[in-house]
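Once you scroll down, you'll see the structures, which are given as structure tokens.
Next come two complexes built around chain A: one with chain B, the other with chain C.
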Partner chain A sequence: MAKKIRVLLAKPGLDGHDRGIKVVAAAFRDAGMEVIYTGLRQTPPMIVEAAIQEDVDAIGISILSGAHMTLFPAILEEMKKRGAGDILLFGGGIIPEDDKIALEKMGVARIFTPGAPTEEAIDFLQKAVARKSSDEKIM
Partner chain B sequence: MFEKSFLEKLRNKLSEWNKAAEQFRSQKSLPRFFTISGEEIDELYTPDKVKDADREEYYWDHIGLPGEYPYTRGVHHTMYRTRLWTMRQFAGMGTPRQTNERFKYIIKEGGTGLSTAFDLPTLMGYDSDHPRSLGEVGKCGVAVDTLADMEIIFDGIDLAKVSTSMTINSPASVLMAMYLGVAEKQGVPFDKLRGTLQNDILKEYIAQKEFIYPPRPSVRLITDMMAYCTKHVPQWNTISISGYHIREAGATAVQELAFTLADGFEYIEAAIAGGQDVDEFAPRLSFFFNAHSDFFEEIAKYRAARRIYAKRMKNKYKAKDPRSWMLRFHTQTAGCSLTAQQPENNIVRVTSQALAAVLGGTQSLHTNSMDETLALPSEKAVRIALRTQQIIAYETGVANTVDPLAGSYFIEAMTDKMEVEAEKYFTEIERRGGVINCIEEGFFQRELAKSAYRFQQEIEKEERVIVGVNKYVMEDEKLEIPVLKIDQRVEKEQYAFVKKIRQERDNKAVHENLEKLRAVARSKENTFEVILDCVRVYATLGEICDVLREEWGEHVESASAMQVS
Partner chain C sequence: MTVLDRFYEGDIRALSKVISYVENQQDRYRELLGRLFRQGGHSLRVGLTGPPGAGKSTLVNCLARAFLKQNKKVGVIAVDPTSPFTGGALLGDRVRMNDFPSDGRFYFRSMATRGALGGLAATTDNITVVYDSFGFDVTLIETVGVGQIELDIINTCDVVVVILVPESGDSVQTMKAGLMEIADIFCVNKADREGSDRLIMELRQTLDTRKKIENAWRVPVISTVGIQNKNIDRLIMKLEEFVAFQKESGKFEKHRKTQLKKKIENILQEKISGIILDKMKEFADFDKIITDMYEGKTDPYTLAGELFDRVSR
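And then the complex of A and B:
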């Protein structure tokens, strides 16, 4: 049997809207993943530290406050600094299309916007993690 | 109201009717129908579906007349025939100057009340230049650091003439003090000020999660302000007990109703315990509900809310002034019901939600803009949202008579059911040791997470249709409406401004007043007056909140509150 996917979910910044991330956490759990939800107001260093400690495959971030163009780059930067660049970073929230494109160019694996079914996120994560581990095997 | 013999005849007739109806029902299995909250709805409602409808007392206890106990039909005798609801559009973004311009635009377009949205650093009691504010300044509301910012927001707007609502909770005392500071500068006496402060911290722990201090000192801040305003700002609604956010966080209609009223009763009990007279403060309490998409369920919710509240205020809290029995409320259409797909469809959703609020007897209303799942609303989207209310008010005729839906078997049965279900939750909350205990052990939070997950699963299994999302989807949809963006320069401007104020003010006076606040925080004295003194000398929001953080600590969610369902 394949190893269970481990995913860390967190809300950075000051935004307290946690309905979405809790729904995603429940859906990932029901899809057989191991979910670590670290809660609200996590700073980029806290998130990356927890991801390394928990040895996760992916970090999922939810931002509904409009601060995404500051917070995603800060998390990417922190991941680079801590040598955690192999962890997948993805996220969701109220994120306009051109910001989504810019973030995905910067290295965020995928941005989900309102209305995206949780199944799409599950499918994305399963494929992306499988791809990552097969790449690692080749290396 | 109905003779027993009539009800018997009706039941006989119904069984015949049922046989006739059989041929129109689908062949194999009977489909079942549920509200958006999962309440099962019967095929047909008749007088016998309204429990106790055969008793005359039923009419007086459950329905009655508008403007009279138990207020099921509305808090005013003549409702919208005398005065329409206040069309109050929530606004605020970027710098204080930009918000001032948006306010003046809303007044020019016929808006009759102002409603201020603050940015996240303000909601969390941080100054714009605090490291935690990075990226958030001016994003989902206006940035306020000192009295100087409030002076700009209301520049050229006569505070004696507008009614202003402020959506602020944990640092509500500070923002209220700043508003009073602006009134002093304009020379407007406090007793002329009209407006509402959200100031409802309990629902923050339950739903929106913009909290600073632990629940108990937070509730003290609120009752302190209530005591001050009852005396000095008598026309001000000191708290708007909010179900809106509870619903947005995933609650069903019944959960919204029950948890909001439970919060309200908690504040009332705290104020009474603090020595205040219920009839002194209760007339200034107001509520804030969501208008979601299930039309009749929402109307029943508002009617049940008024009735439950009136009964409790009269019977349990022994209020004698009828104004203490009346549940007055603001409504906002459901942001969480809007879709990013085919956003123009949201105009239709908002229209039907707004209509439910009006038929439910709301005192004021905010209609959401179609583009709010994408960003802050553009000016055009805001105008359409306001026009929606104006069309309902002036063209549809629904405001011509008071509570036109009363006596509908369905509406009354549903209103009764809402009340029964809410009472079940009150019993459960009491069994668990009251509202604050329920917050601390995560009861509300888990209930909401469960409901939210169930709703999402229904959509994904296509048991529930959301037009444009899981049915009638447009392939390769291109966004055809403009999206507002907040300039990154807002942050820099706001940094520079707060720094300038800190240099120019009397720093000795600031320090002295902050230390006075610290002493009061440790005592049992009223905190509000000293916060007002701090604000007058331009202490920043962050400085004031830091003193209270140091004295009272910060609230952190328990693991059981973070549980996902």
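And then the complex of A and C:
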């Protein structure tokens, strides 16, 4: 069986605007991916724990609250701590250009800003996951 | 160090990788399962099934917490449907699973059905083998929202809880074959809503009309309100009573043996159909055969026999 792309979508912090992330979830699902949606008010440790348990290829984060410069680094840090640095982290939200550049430098694979078509995110994810490879031996 | 080595050390990431390997049926998954199977056999597998929106995830959440309180290690497998059109899935059972300890005592994995129609994924049963060998005391298995005949859960669990809600139907519904027959415990959830007393009564009446078998387990009907964590202790008590009853009566072992027989039949079927489908790819005249059938020159019934003879030669 061809490997399915598994992606975790989460909203960290207190921001309750989940319309956008639901649109993205539906688009990913319709593109044939397995989308694990965890809902609102997730902390960075909860997000990373869920990503590890679900063995996802990528974590997608939606932040519309302005707390992106706090939350993205916290998630990256947690990923490193848990040995999950190989999972792709991407996100979207109302994020100024300068912050976007800073976050992508920090290790966020991609930031999507308002107006980005869902096809762009799908294409990004498919290509980025295809580039990932693991030489881990199972047994 | 291999993934399996780390799995044996209790590494959660390794557990997740092993599950993916088995779920994706990668090259040596049967060999891997074979190794894991021999170290298992201790985990109690509890199945929760019922119509969409009955509160399965919420009750899984309640049960997981209750078992954790008993100092048990709990693993959950939650299945949601794969789209027959796009192959994608939205796995949303995690939404109700916040604030669990992340110290390895609790593990939750979402699975998509990937084409299977019996309420579970084809590989769910294999994942229970992985959980068992990793050392979970209890494995909770949540099916997709089911109708009346998605009953795979009976082949994968030691105990089946059928969850209904007051809106689940009248007395004739409770008499129907299928879902209503597989419960070891009935749980009427959202029991604070109107109609729950009526449903409980109708379920009890239906159970009373069943043929009496001596020394059989009397299927209890209990009411819960999952979101208020109400009556969960009673559900746990009935689960424990059932398991004790099964073990004392020898039915626990008998049931597991029946499941194993079924499992080996499934593996054999899978292997044989794999061989046949592979061989069929070598038939250069296959397109022509289909056209002949379409034009009525031959028929699928005769042809299947002929093709089978060609394959088995």
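Keep in mind that, in the parts below, the second predicted complex is superposed on the first by the 132 of 139 C-alpha atoms of A that agree within 3 Å, B and C clash if a C-alpha of one lies under 4 Å from a C-alpha of the other, contacts with A are read in each partner's own complex, and residues count from 1 in each chain.
As a convention for this text, a contact is a pair of C-beta atoms (placed from the backbone, for glycine too) under 8 Å apart; a residue touches a chain by one contact, two chains touch by 3 or more.
Source: prediction; values computed, not measured.
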When chain B and chain C are modelled together on chain A, clash or fit: fit
Which superposed partner A:A25 touches (first chain B, second chain C, both, neither): both
First (chain B), second (chain C), both or neither touched by A:I94: first
Touching partner for A:H17 - first (chain B), second (chain C), both, neither: first
Which of chain B and chain C A:T118 touches, first, second, both or neither: first
Vertex chain A angle, Cα centres of chain C and chain B, expressed to the nearest 10 degrees: 100
Which superposed partner A:E136 touches (first chain B, second chain C, both, neither): second
First, second, both or neither for A:E34, with chain B first and chain C second: second
Contacts of A:T70 with chain B and chain C, given as first, second, both or neither: first
Distance in angstrom between the closest Cα atoms of chain C and chain B, superposition on A: 6
Chain B and chain C footprints on chain A, overlapping residues: 25-26, 29, 35, 37, 39, 41
Chain A - residues contacting chain C, complex: 1, 3-4, 25-26, 28-39, 41-42, 45-46, 49-50, 52-55, 82-84, 136-139
Chain A - residues contacting chain B, complex: 13-19, 22-23, 25-27, 29, 35, 37, 39-41, 43, 65-67, 69-71, 74, 94, 96-97, 113-115, 117-119
Complex contacts: residues of chain C adjacent to chain A: 2-4, 12-13, 16-21, 24-26, 28, 31-32, 35, 82-83, 86-92, 94-95, 98, 102, 107-110, 112, 114
Chain A-facing residues of chain B, complex: 120-121, 123-124, 126, 132-136, 139-140, 204, 208-211, 248-250, 336, 339-341, 373-376, 448-449, 452-453, 456, 459-460, 466, 469-470, 479, 483, 485-486, 488, 557, 562, 564-565
